[in-house]
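Remarks on the structure that follows.
Per-chain numbering from 1; labels A, B, C and D assigned in written order.
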Amino acid sequence: MPGTPASRPLRVAVLGASGRMGSEACRAVDGAEDLELVARIGREDDLSAVVDAGAQVAVDLTVPAVTAQNVDFLVEHGIHAVVGTTGWDDESRGALRRRLEEAPGVGVLIAPNFAIGAVLTACFAEIAARYYESAEIIEMHHPDKLDAPSGTAVHTAAAIARGRAAAGLGPVPDATEKDPQGARGAVVDGVHVHAVRQRGLVAHEVVQFGGVGEQLVLRHDSFDRVSFMSGVLLGVREVGSRPGLTVGLDGYLDLG
Amino acid sequence: MPGTPASRPLRVAVLGASGRMGSEACRAVDGAEDLELVARIGREDDLSAVVDAGAQVAVDLTVPAVTAQNVDFLVEHGIHAVVGTTGWDDESRGALRRRLEEAPGVGVLIAPNFAIGAVLTACFAEIAARYYESAEIIEMHHPDKLDAPSGTAVHTAAAIARGRAAAGLGPVPDATEKDPQGARGAVVDGVHVHAVRQRGLVAHEVVQFGGVGEQLVLRHDSFDRVSFMSGVLLGVREVGSRPGLTVGLDGYLDLG
Amino acid sequence: MPGTPASRPLRVAVLGASGRMGSEACRAVDGAEDLELVARIGREDDLSAVVDAGAQVAVDLTVPAVTAQNVDFLVEHGIHAVVGTTGWDDESRGALRRRLEEAPGVGVLIAPNFAIGAVLTACFAEIAARYYESAEIIEMHHPDKLDAPSGTAVHTAAAIARGRAAAGLGPVPDATEKDPQGARGAVVDGVHVHAVRQRGLVAHEVVQFGGVGEQLVLRHDSFDRVSFMSGVLLGVREVGSRPGLTVGLDGYLDLG
Amino acid sequence: MPGTPASRPLRVAVLGASGRMGSEACRAVDGAEDLELVARIGREDDLSAVVDAGAQVAVDLTVPAVTAQNVDFLVEHGIHAVVGTTGWDDESRGALRRRLEEAPGVGVLIAPNFAIGAVLTACFAEIAARYYESAEIIEMHHPDKLDAPSGTAVHTAAAIARGRAAAGLGPVPDATEKDPQGARGAVVDGVHVHAVRQRGLVAHEVVQFGGVGEQLVLRHDSFDRVSFMSGVLLGVREVGSRPGLTVGLDGYLDLG
């Protein structure tokens, strides 16, 4: 850790350690000098092992069915939590918030997307949207993906819609009268979203803004699952100093 | 003209000279040292002016309703024709071919697209399509365009389909099961085509090919209508040495 | 003007009205419903015409030799100024600041770049730079440009350097040992900058950030000088409510 | 193998099997239904094992110091060779050609680049170069690469130079007078080449062509070393039907 060579490493547990993301997270924590991986918890393991190992922070990369009770357990034992599992809704987040009120020093980060680049793209898109007449999204993924458009693209479309609303912009200009096969793609929150599926790609997002005589493009490419790990590590390092519930990695980024 | 300073300029007429493309063509012919603009024919003018002016080549940029009879007139008078007007079908092209048999020295070029870059893109796409599992097209235009997808994209999709068929490739891989809003776009000849409409753009085409671990992208940008003029001038210079009917500017390009 | 239909148009003068940027600005002001072009001042004209016309805001798009005295005159007469002329340095800006202290209600905006997209790109680049190991710039312009790299690219490189410094990042990784012809380009504030010169382009900037397994790209394309006008109009509308000196259009953008 | 289900698999040996490319090649051959991996030859192994295993084709992915004598041995034993090792020059290729005259049925392919996309890019670049005033190359690689520009970019620059020469084009337009830090990059065969080094990238090449009002871009991305394998497999399958020496994978591609 820069500047604090004498500090002892942060003790970290990973829940869902045998899954794809979880094993990647174990490797990332293991490889960081300022962190120590003290527990790898799989589906069969008892959560008490996290407490026994003296973990200060736990990363939850399990499944929707168990993530809420995992986090309850962690909060109860004063362990900060970084959560990448999907499946949280308004109700479960509300319940968690109430529980955190009774555990004042504990921090929880729930992040639907740990790719810092994707988070920055959505933040920048919301700002840029205020200044451009046109905005469109093209998301590109490997051809084994089952759904379209991607959750990231839907999230970015919502950010663009917020930016446009804040600037008092109306609908995007589009004179299309004849499009029998649907080439104009999906419309999410008033923003056209196109989904490309292509062998060799992983997860990519292109956001295009257009005004008279100009264009602004934001593009994020995830070439490998390992790209999510810098966001996970950022969360692990920061969560202890951010008590209460934070939703979205952008809450931890320095966007000033 | 390089190497032949003593040669006299080629005498050129433009039909449809007051239209947007026609006036651009007049300017281009006028600006070329090896060409002389001898007649600008508008809607009201008589075609005999083309003959009177001693034109050797005529560029037809009129409208579907009159282009066939214009070309008949030109062939009859031994004037080569470069035709950018749409509206030609199998029947009218067949009739023109028979007429050209009786005018053995006369050349006619009918080109639906004079942008050399767009023509090269379609040619390259047909070749590349043989070697890639995935292929997709994104066309992007100004938001005042009425139809989607663009004719250029449909033409390129057909080229890709020919390339895939020649290589014995089956359908592109696509596991999409859930796409309620149509984010996957149009499917033309088995190729997904996406249409973006954005203020500030003119006419752009992106063709993406994907294989395991790699991607090939072909992209053509027309920033201005003037980009079509290098194709028109190429046609004007070459048509005299290519008797009979040629369909498509690619017939004049050196693609070896 | 949204919400204030009854308000009278803002009275605007343009200095340098016969130059390329100036005439574009006249056209833009003329075309805006909430603005009224009341004076076009050329090289020969007397500045008193700006006062006589009752201008509330003046746009200075003249030349380095006269811009400072123009702005002095405007401030003295209580006219807000939006300045796009280059040639301002620390000394002239300091003198202007002192003068503005004696004219408390008057606002001056000096903006080296009125392209909102270029300004956003630099702002976003400074933020993103904190989170990526690698950062590089490619600027692309028409081949008639005399200098390389562009001022915009140099400005962006400085923003990236600030972002990296704030995050405690060291030099970008680069193992290059052998580069006899200088393919790695210029190094500005520790950031490699590449300059492409290509017929058909106008002014384009690509900023690339790289981390393990991912990439973030910011790209701005100016296809036409008219793209600067949305920034000029933004300045004209806002300068009256921002007394004192503001340097850089980013001071007027809502980047929160 | 399409259409010949009854045919027996081709027997293939890999030389340099324990290297990075070699082990990738073993995996690719192993995974292809129409091929059988019969020998993996490492540094310590005797070449006679290739003969003993009854290999019909051998892939040489060794080192410059031994590749020539490996190929001599293979030719002598009537085994076709697909060679990806660098270090061949005019002299060694000439010697090999003479040797092949005495082994009339044997085919050898020496390919400096097995990425089909990179080979297509160079071919397309040579064609497109005839029709555009400007041409420039940007190659992008991981930051651990020792030399700049890449061999692929140098090869593509030569292809562009051939295309321009064939069309009688002079130097690219470039008015740059002031470029103190070398932002315009390297000049290879008259073509400006820029090298980007960025964490997260593997091997990428962008070729840009510009004319009045338009742009054509060719881009190839290798995200993973596995992308070279489709070229290796193409070579393995074809080399037996192409006696004599072929230099460059483009000789095997259907570019008509």
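The definition used in the following text is that a contact is a pair of C-beta atoms (placed from the backbone, for glycine too) under 8 Å apart; a residue touches a chain by one contact, two chains touch by 3 or more.
Which protein is which chain? UniProt says A, B, C, D = 4-hydroxy-tetrahydrodipicolinate reductase.
Computed from a prediction, not measured in an experiment: that's the story for all the values here.
**Student:** Just how many steps, at minimum, does a route from chain A to chain D need if it may pass only between touching chains?
**Tutor:** Counted as steps through touching chains, the separation is 1.
**Student:** Which chain has its C-alpha centroid farthest away from the centroid of chain C?
**Tutor:** Between chain C and the rest, the longest centre separation is with D.
**Student:** Any chance you could check whether B-C or B-D wins on number of contacting C-beta pairs?
**Tutor:** B-D
**Student:** Answer with same or different: of all residue numbers used at the interface between chain C and chain D, are over half used by both copies?
**Tutor:** same
**Student:** I'd like to verify one number: the distance from the centre of chain B to the centre of chain D, where each centre is the average of its C-alpha atoms, in whole angstrom.
**Tutor:** About 34 Å, centre to centre.
**Student:** For chain C versus chain D, what separation do you get between their C-alpha means, in angstrom?
**Tutor:** The computed centroid separation for chain C versus chain D comes out at 46 Å.
**Student:** I'd like the Å distance between the centres of chain B and chain C, where a centre is the mean of that chain's Cα atoms.
**Tutor:** 40
**Student:** Mark out which residues of chain A touch at least two other chains, giving numbers and ranges.
**Tutor:** As it turns out, chain A has residues touching two or more other chains at 200, 209, 211-215, 223, 227.
**Student:** Chain contact graph: line, ring, star, complete or other?
**Tutor:** Topology of touching chains reads as complete, every chain touching all others.
**Student:** Going by the contact rule at the top, pick out the chain C residues touching chain A in the complex.
**Tutor:** It comes out as residues 2, 115-117, 120-121, 124, 127-128, 130-131, 166, 168, 209, 211-227, 229-230, 253-256.
**Student:** Can you tell me which positions in chain D touch chain C when the two form their complex?
**Tutor:** Within the complex, chain D touches chain C at residues 132-134, 136, 138-140, 143-149, 153, 172-179, 181-188, 192-201, 208-215.
**Student:** Help me check something: in the complex, which residues belonging to chain C touch chain B?
**Tutor:** Touching chain B from chain C are residues 200, 202, 223, 227.
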